[in-house]
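Lettered A, B, C, D, E and F in written order, each chain numbered from 1.
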Amino acid sequence: MQTHKAKRVEIIIESIMEDRLSAALIKAGVTGFSVLPVLGGSGRSGHWSGEGQVSRAGGMVNVVCIVRPERVDSLLDAAFEVVDRHIGVVSVADCEVLRAERF
Amino acid sequence: MQTHKAKRVEIIIESIMEDRLSAALIKAGVTGFSVLPVLGGSGRSGHWSGEGQVSRAGGMVNVVCIVRPERVDSLLDAAFEVVDRHIGVVSVADCEVLRAERF
Amino acid sequence: MQTHKAKRVEIIIESIMEDRLSAALIKAGVTGFSVLPVLGGSGRSGHWSGEGQVSRAGGMVNVVCIVRPERVDSLLDAAFEVVDRHIGVVSVADCEVLRAERF
Amino acid sequence: MEGTLALAADNLTSPIILFFVLGVAAAFARSDLSIPEAIAKGLSIYLLFAIGFKGGASVANHGVDATLVLSLVAGIILSFVLPLVAFGLLRVMSRLSVTDAAAVAGHYGSISIVTFVAATSVAESAGLSPEGYMVAVAAVMEAPAILSALWIIARSGQQSGEMEQGLVREILLNGSIVLLVGSFLIGGITGDEGMAMIAPFIEEPFQGVLCLFLLDMGLVAGRGLREAKSVLTAGLFAFGVVMPLIGSVFGLAAGLALGLSTGGVLLFMTLAASASYIAVPAAMRVALPEANPSIYLTLSLGVTFPFNLTLGIPIYLALSQTLTGG
Amino acid sequence: MEGTLALAADNLTSPIILFFVLGVAAAFARSDLSIPEAIAKGLSIYLLFAIGFKGGASVANHGVDATLVLSLVAGIILSFVLPLVAFGLLRVMSRLSVTDAAAVAGHYGSISIVTFVAATSVAESAGLSPEGYMVAVAAVMEAPAILSALWIIARSGQQSGEMEQGLVREILLNGSIVLLVGSFLIGGITGDEGMAMIAPFIEEPFQGVLCLFLLDMGLVAGRGLREAKSVLTAGLFAFGVVMPLIGSVFGLAAGLALGLSTGGVLLFMTLAASASYIAVPAAMRVALPEANPSIYLTLSLGVTFPFNLTLGIPIYLALSQTLTGG
Amino acid sequence: MEGTLALAADNLTSPIILFFVLGVAAAFARSDLSIPEAIAKGLSIYLLFAIGFKGGASVANHGVDATLVLSLVAGIILSFVLPLVAFGLLRVMSRLSVTDAAAVAGHYGSISIVTFVAATSVAESAGLSPEGYMVAVAAVMEAPAILSALWIIARSGQQSGEMEQGLVREILLNGSIVLLVGSFLIGGITGDEGMAMIAPFIEEPFQGVLCLFLLDMGLVAGRGLREAKSVLTAGLFAFGVVMPLIGSVFGLAAGLALGLSTGGVLLFMTLAASASYIAVPAAMRVALPEANPSIYLTLSLGVTFPFNLTLGIPIYLALSQTLTGG
């Protein structure tokens, strides 16, 4: 099967920032992304869990974004703007994709 | 810790196609996979969100499948069959695994 | 954007073992991790799905942990201890991160 | 006529409709109000469970007769036929591709269970007691329309119409049909005794749960309309209003021919007039992935559903009352 | 005897059982009907909350006496002892490994709260009023059986029996025990006044919620049976039917020795006869990961639970009525 | 005075408070008892829906007058002013940074809807009938305090106070405000007729749902307290108890000046005394990410909420009864 080089960017960010991140990604010309739920976690700011939570203050989501390698820099710049003052983790990895015309 | 080379295939696909994809993967000799929920996303066909949805029409899932490198081609062929006419993203990345006898 | 080399460890493990894994990771000096839900899957022990489940016996979670490369070995040792007798999958991949001071 | 207007006005200020409006308004204002997916599914399970059971218990009370069977047959036929009508209409009124038009047509042959529930409430307020088995008619009308839509595609020579193995079983055994039919049968078997046991669960809170569910539907419809403004041409919008009226006439004919009560005729009209937004969209994503879902979802949930809820049902009630003399 | 048969027949057509059957049938037919995980957990929280509170309020009304304490002690002893009986039986009736047999045995010493609730309904229909503190007996019987199972393993020299630190606390404080006991205590403290406040929430809708929960259990059990057909040998199946009968005899002896009312004896028999499918499976996954979960889940949820629901409870009722003269 | 003590004692043993205590205890004991996130959100949607609707229906019954408008204005002013008081107090009583102090202050200007509901129950038990529009006052008090907190930051020259575009809309249209106000309006429009339809859903089960919700709040609060023990200095703890008392005096003054009924004064005191734990934390995470959430959440949910629930409300009731002669 023919595959094409791409980058997989995963951004773990507070739920309340999701809309702002989406908007920034779209502005940066990203053609697609998916948002995965996160149940809980741990970091320098302590332990958290979404269980029983009513407020949107606490939770986080994992935004997965597969892009052509040449787009990754503008994506990271856009993501950084949003994440900057906030907690969260941005990682980038190499991957290959089927159907490259979609990216 | 001793690790072994493997491939991590992640397939973001419509929920309604999950059963067909599972069946195809198993037929292709894949020994295991896990299905992760997706809350929403954006792509060429627009924005979507699972919030408040009752129909199974809308949602997507992320099927994660770790395989030995030599199995990845038949896996991709099988996945492609199912995804072909549908929206969705297939990506492959290198990884290492513990307990290689499980794959 | 300046990025830094890191390792992305993903551990798919039974929900009931999550607390023990968290404790082990923290003991091994891991600075952060996130827990993602898993809806279902398939493996040598058969097919499972969280749908309609009340008991915590069945489900699994995906623990994602991004660490500096030099920490990955102690992390894997810690994870192995917990996963050892249990079902589950441990994978490691290279990635790059923004804001390396957080890891 | 005046009665109809009064009723329509009354209907427009019922909590059910106002909560739908609240949902649409919140979505348009981009409020973050939302109902968790699991809760929305829970509400829908409750509604199917309750109306299925009530229908069955009512049949247990009134006995089964030939009209039940004939009504089921009529429902199946309508569900097969209406997509052909809708498809023809769409080819005239819109510029949709064959695939998109067939997909939309499939939705209008099938039914919307919440519209059915709303019509039942209106029937009860008007002092009517529709045949309990109309719930079963609703259930049998869910699926045939899908087959019709696929047949239209197949006939048009489009590649995508081929019936994948397993699809028919999947369509016939989809969760909402199984729950509705299952609850109907259990209500029928356990009758008054069963009803006495679970009435406090399925009767008293029913209207309140319905309000919450309509709030959710409003939120989803509003979000859909916001996103899909561009696909909604004038022609399509007109179709979304005209088709339920045409469908209701078919339902009226069937109801009168079967000799149903006034309430039964009203419900038959409503079923024929309503468009699916749960079962058919899911089937279309599997069988016709090329069809654009925002077209059929926007039409069904964003145009036809609110039309039926607000104006359609009062019209169908007036017609059924006039023509059955009820 | 005739009364028992009539009751069993009646029982078989109660909505509760029919919804369980519907769930199993839907799973076997591979319908996509499903209850979201969060909703299933919500239903189970509701049931524990309601029966705990009702039990406590009833104790507040009738006062505490020595029998309460003795019943708790008897429950704990039964929960410790029954796994030994079950293990012995399994070694005779099946070819399970020591680990698998011990894991299964642990389930049969513990209890199934839904079976308990179903028996309570049957008791009430039969005009009995079981002691309110039987809920507390149910709670104390959840955990000891797990320790028994681990002790069996440890004695057999298997490596896996070692008691990990924290496990006992985890077992004793598992969510369902805490919620059941907590609600029981709060019901006991607030008594009639508390009951008056929340009765419309925990009494009226109870049977309806139970129906939905049993639908879910049927779906899960059906899916499990479909997947695990291969593990269910004739010997194991027989064990799943014989063991509850044996357990019920232990419960009967305890109930009679304690001088409980007819309803109390029925509930004690039911507790002893029932097998856990929530708390014990979770503990076994932690403590005995080598044991095959599809064996114990299939037996407990797929064989013993439906057996108790349909035939077991009427038999226990007949026995308890005959032997207490109630 | 004696009456107050008796009431406080009574209050302490209400199921509502005991379920909160159960939750806290379970969290401290590290039980795995938990309410799924979707269920917790569902419970909170139910509560907002119910109290909004009831408030609106009650206004429909009693008519709108100038006091309504003046009460809304007073609520808005209080919500703007109280954060300034709280901020001043915090600078004296604690060593929080300007950012943390402003964030905490914002919570105390806003309100906790569950505290409001608990006070309503107490009012009803005491035979009072508060003005229905107090629900609307609660709604308008949610947001202004957030703007006050950001203004404090901006004035202090801290960089983070800048008002991001979209934030104000987000704050004003947050889900709980929209649902509460929407239900209030619909209750007002549909009045008695609407109430008759959905009363069995929003009135009878209300107290039971509230118990479950408080169990959940106890679990969350307990988990928070366990994690955040270190941030809770003596000064902060004292603030969490003193600030509601000060707030209640402001509420008292407003209520008396407006000439509200005894129940209305009680509710105004409670609103002013309570601290937000849903809307404000979310806004603070967006606007002031540098502020430490465990400080404001622990104070609001772990200290002030239980204080109000147990001691505060009885005190406010005693004061309002004495001073209105009610």
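Methods note: a contact is a pair of C-beta atoms (placed from the backbone, for glycine too) under 8 Å apart; a residue touches a chain by one contact, two chains touch by 3 or more.
This is a predicted model, so every value here is computed, not measured.
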{"item": "Neighbouring chains common to chain A and chain D, by label", "value": "B, F"}
{"item": "Cα-centroid distance, chain C relative to chain F, in whole angstrom", "value": "38"}
{"item": "Chain centre separation (chain A, chain F; CA means) in Å", "value": "34"}
{"item": "Euclidean distance of C-alpha centroids - chain C vs chain D, Å", "value": "45"}
{"item": "Sequence positions of chain C contacting 2 or more other chains", "value": "36-37, 47, 56, 93-94"}
{"item": "For chain F, residues contacting two or more additional chains", "value": "32, 34-39, 41-42, 204-205"}
{"item": "Complete list of chain pairs which touch one another", "value": "A-B, A-C, A-F, B-C, B-D, C-E, D-E, D-F, E-F"}
{"item": "Chain F contact footprint on chain E (complex, rising order)", "value": "36-39, 41-42, 45-46, 49, 53, 169-170, 173-175, 178-179, 182-183, 186, 189-190, 194, 197-198, 200-202, 204-205"}
{"item": "Chain C - residues contacting chain B, complex", "value": "12, 36-44, 47, 60, 62, 73, 76-77, 79-80, 83, 89-94"}
{"item": "Interfacial residue positions of chain D with respect to chain B in the complex", "value": "34-37, 40-41, 44, 160, 216, 219-220, 223, 227-228, 277-279, 281-282, 284-286, 289-290, 292-294, 297"}
{"item": "Of chain D, residues touching chain F in the complex", "value": "13-15, 18-19, 22, 25-26, 29-39, 42, 204-209, 211-212, 215"}
{"item": "Contact footprint of chain D on chain B as seen in their complex", "value": "14, 16-17, 45-47, 49-59, 85-87"}
